[in-house]
Amino acid sequence: MSSLIRTGISLDRELLARFDRIAAQKGYGSRSEAIRDLVRECAVSTDVARDRVVVGTLTVVYDHHRPGLTEELIAAQHHYHGKVLATTHVHLDARHCLEVIIVKGRASMIQHLADHILSLRGVKHGKVVMTTSGKQLK
Amino acid sequence: MSSLIRTGISLDRELLARFDRIAAQKGYGSRSEAIRDLVRECAVSTDVARDRVVVGTLTVVYDHHRPGLTEELIAAQHHYHGKVLATTHVHLDARHCLEVIIVKGRASMIQHLADHILSLRGVKHGKVVMTTSGKQLK
Amino acid sequence: MSSLIRTGISLDRELLARFDRIAAQKGYGSRSEAIRDLVRECAVSTDVARDRVVVGTLTVVYDHHRPGLTEELIAAQHHYHGKVLATTHVHLDARHCLEVIIVKGRASMIQHLADHILSLRGVKHGKVVMTTSGKQLK
Amino acid sequence: MSSLIRTGISLDRELLARFDRIAAQKGYGSRSEAIRDLVRECAVSTDVARDRVVVGTLTVVYDHHRPGLTEELIAAQHHYHGKVLATTHVHLDARHCLEVIIVKGRASMIQHLADHILSLRGVKHGKVVMTTSGKQLK
């Protein structure tokens, strides 16, 4: 169970007024929620830097006409069997596919999988995002 | 159809040797493929900076126990009806869900959708990635 | 004069405990100071995104043996006369110089100056940082 | 001495045409120089990731009215005696100073110095940039 506690911070009046405007423009309903997100983002970055278990999503765009590439992509994901949680495939146009591979594991392992897939011939672009596995962020 | 042409670049011998080692460690099969990826990454960043049509994947982790949140997430995606290509949902633990929302549109629109969703109460963390819609990158 | 006011935020107990540890490891003396820095960073990023007046530092490494380069660097800085606040020069080795150019102006102008200088032949590497001009951050 | 060698890469015709336009807009005089910069940037990022010796510039904005802060900043720099190559100071307004500290050493040491200085009370904002020490990039 999550247990919310209240803490106080002191901030310059004008800086706080600016932050309130920024948070409102981004759509936040309260200052507390906006500051919580800054704190959570800091916690996630630290998990990644310390190679903790995180969830990564690897977005790749590739040319499915490239011979052998589809097999290589599947083989790479099977090599990390048990780590890949799900894969989503979108047909962008007659030739290009977008695939999102969702992986759970240490940040370094996810980076390694990303390096491997992004270096395959026929993979045009890709990026990896690391986020929380949920447990650490209440 | 893609038409490959060959171009020459001059590079310092030692710098090239270092780059070859880095590319090999990342798993690239050839120097040409590794340099192509640097050029494509530069092209994608430019598309984003110029607010061209790109494909974005928004990764969010949220607490599905938060009342009303699931409805708000669906409503936000419906508001961008026709732009959201697919959504994948993973149950991380009893409480936390990971959702990857794949959107096609101008970079600014995707950022706007991301700001809106990330500011919802109960959304714990999220990140957006922008990539090519395929057409621009051969 | 700065006028500090106190605001309250509610945070999950465990998340707060983690953040306190992270802040301590980074050397912060208080939680309030660590959260203030997150808020200030958010304010600076917003200034940059909105093309407000910020201060930029452009770090470049170049080969001073390249004919004409020193003159081109000086010419580029004079072209932005009144915007360049200071320049520091460090002799890294017999051939390479590091120069830090401190500029005040709109984020887009600073980016333009950076693009121009980084594209000069003989400039080996460089990066630009945008920070506050002081006024906005109390 | 630098020894330039020529290598060939094959690229899609349209992608190359786009890259040429981007390079021209950034001010590059030749395609070769623009690609060299992508390769150098890749080499510098790898040096940072592997904790090699690099040069860092730490940009900080602080309030010089904060009692004791100037002494703490000087003490922090002396603690890394022999690593700090130069420091430049700019008076932004009556209250705020910008300081650029140029340091040479392993990436982790530079990050540590940055964490320490950025966590000092009265330091409003700061960012660190890592670049080459010159030797690795011909």
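Going by the order they are written in, the chains are A, B, C and D; count residues from 1 in each one.
Everything below uses one rule, namely that a residue touches a chain if its C-beta (ideal position, glycine included) is under 8 Å from a C-beta of that chain, and two chains touch if they have at least 3 such contacts.
Fair warning: this is a prediction, and the values are worked out from it, not measured in the lab.
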Both-way neighbours, i.e. chains that touch subunit B and touch subunit A: none
Centre distance in Å when subunit A and subunit D are each reduced to the mean of their C-alpha atoms: 26
Centre distance in Å when subunit C and subunit D are each reduced to the mean of their C-alpha atoms: 10
Residues within subunit B bordering two or more other chains: 2, 40, 137
Pairwise touch network: line, ring, star, complete, or other: ring
Pairs of chains, among all present, that meet the touch criterion: A-B, A-C, B-D, C-D
In the complex, subunit D residues that touch subunit B: 2-16, 18-19, 22, 31-32, 35-36, 38-40, 42-43, 46, 136-138
Subunit B residues touching subunit A - in the complex, by the definition given at the top: 2, 23, 26-30, 33-34, 37, 40-41, 44, 55, 57, 59, 61, 85-86, 88, 90, 92-93, 95-96, 98, 100, 102, 104, 115-116, 118-121, 124-127, 129-135, 137
